[in-house]
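Each in structure tokens, the structures are laid out below.
Below, subunit A partners subunit B and then partners subunit C, in two separate complexes.
Entry: the complex of A and B
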């Protein structure tokens, strides 16, 4: 029985954001945009979806009079990512067999 | 990066791998701190070596420069924190390791300065003194101040410690190899005089900090250049 792939994570940009955040404590929005090559508008929408799902925490603050957005993965996000990778492994394993 | 386009499990795996690699390969340290300390400690050790070797004094304690280097280091740290766009899990732990290293170096320096005179006073109270006795009798016996032989070896082992931790945790080979070379130099220094220990200290600072700092700086600048293209 295959586990269903989490629809929140099974999107290229959202998966890229989660994969980027999984190995680090926190990252600025500009860093994520640079690494994913996404547009600011599209990234904002996807970040908001991840936030609404409780997978990431978004902190908006001011740094030297400039707005700064910091994203960090939540324990729920970690769990969801782990489940997603496990499900992915199942699919890939089945593909090999 | 496209968003909602359907994609295969293999593509999912590729995205995950590529993004994890991008995050891992992101250098947020500029390398300047490492270059600063590598240069200062290498220079100080080498000048001290020359002073002992050729029996002269430059007019002030060259190690004052190590104290002075704290000021630019504070600015470097503040600047790196300000410019840093990511924070890795290990960052706080490594910052603490280097802070404790700094405290330990100053504690060790205080020990070196204080303990000789203090021990001399204590043994004087007990009514005896340490004497230097020449086996061939070429000079008369003379009193001497207690000291820890080959003391700089302890500094070498201390220099290696945070460097090795950083090299292992960050999987940064130049620092890992630098620390291992430094441990080798420490073992070697156990058999050499203080004069030569100073020369080994120069090599330690170069291998632990200066070379890794230059490598880090080049990677940081290459990354910065790529981001601006």
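Entry: the complex of A and C
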């Protein structure tokens, strides 16, 4: 029986954001936008969806008088990402057999 | 990157791999601190030896007042780097914690030496031990062998140094700094520039 792929993560941009954040402690919104080549508007929407799912934490603060948005993965997000990768492995294994 | 919902598991895997690769080598240029403190302490050790042993200058220890200058330069550089930094990695955070701890240990040792008035004669044994801990752990975290081996050699130099007087401990201290800060610091800078070039 295949595990269903988490619909929150099974989206190219949301998966890219989660994959960027998985190996680091936190990243600025501008860094994520640059690395994913996404538009600010689209990225904002996807980041909000990840936040609503409890997968990432979004911190809005000021740095040198400029607004700064910082994203970091939550333990729940980490768990969901782990589950997603396990499900992917199942699909890939099935494809080989 | 468009937000298409239909894509294969292979494509998912490729996105994950691609994004992880983009953050894998984002370690900052840490060589600055090794080179700053390396050359500063090396210069102080050698010049104290020359002034004390060869020139017999009574105020040879004045050169050590340069240490707070190193602290101020480090602080200014660190705060400028923090402004530029757009991500914080676990590696950077662990290194910061390690060196803050080592920094406090150095400060405590300086106070101990000043208060006791005697322990400074063997002070370098303990300073070299702190260089050893800081550089070997950093070498392991950064997976950078010159730092790791430099740090490990310092453990041996710390043991050897206890048999020598303060004058010769200065030279052993200079050797320890050369092996664990200066040489790995220059190699770390080369590695950083090579990585930046390959990512450009």
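The definition used in the following text is that the second predicted complex is superposed on the first by the 97 of 97 C-alpha atoms of A that agree within 3 Å, B and C clash if a C-alpha of one lies under 4 Å from a C-alpha of the other, contacts with A are read in each partner's own complex, and residues count from 1 in each chain.
As a working rule, a residue touches a chain if its C-beta (ideal position, glycine included) is under 8 Å from a C-beta of that chain, and two chains touch if they have at least 3 such contacts.
Remember, predicted model here, so these are calculated numbers, not experimental data.
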Which partner does A:28 reach: the first (subunit B), the second (subunit C), both, or neither? both
Determine, under the contact definition given at the top, whether A:40 touches first (subunit B), second (subunit C), both, or neither. neither
State whether A:13 touches subunit B only (first), subunit C only (second), both chains, or neither. both
Of the two partner chains, subunit B (first) and subunit C (second), which one does A:59 touch, if any: first, second, both, or neither? neither
Do subunit B and subunit C land on any of the same subunit A residues, and which? 5, 10-16, 19-20, 22-28, 30-31, 35-38, 42, 46, 63-64, 85, 88, 91-92, 95
How about subunit A: which of its residues touch subunit C in the complex? 5, 10-16, 19-20, 22-28, 30-31, 35-38, 42, 46, 63-64, 84-85, 88, 91-92, 95
Please name which positions on subunit C make contact with subunit A in the complex. 1-5, 7, 9-13, 15-16, 18-20, 22-24, 26, 83, 86-90, 92-93
Contact footprint of subunit B on subunit A as seen in their complex: 5, 10-16, 19-28, 30-31, 34-38, 42, 46, 63-64, 85, 88, 91-92, 95
Under the stated contact criterion, what part of subunit B meets subunit A in this complex? 1-5, 7, 9-13, 15-16, 18-20, 22-24, 26, 82, 85-89, 91, 227
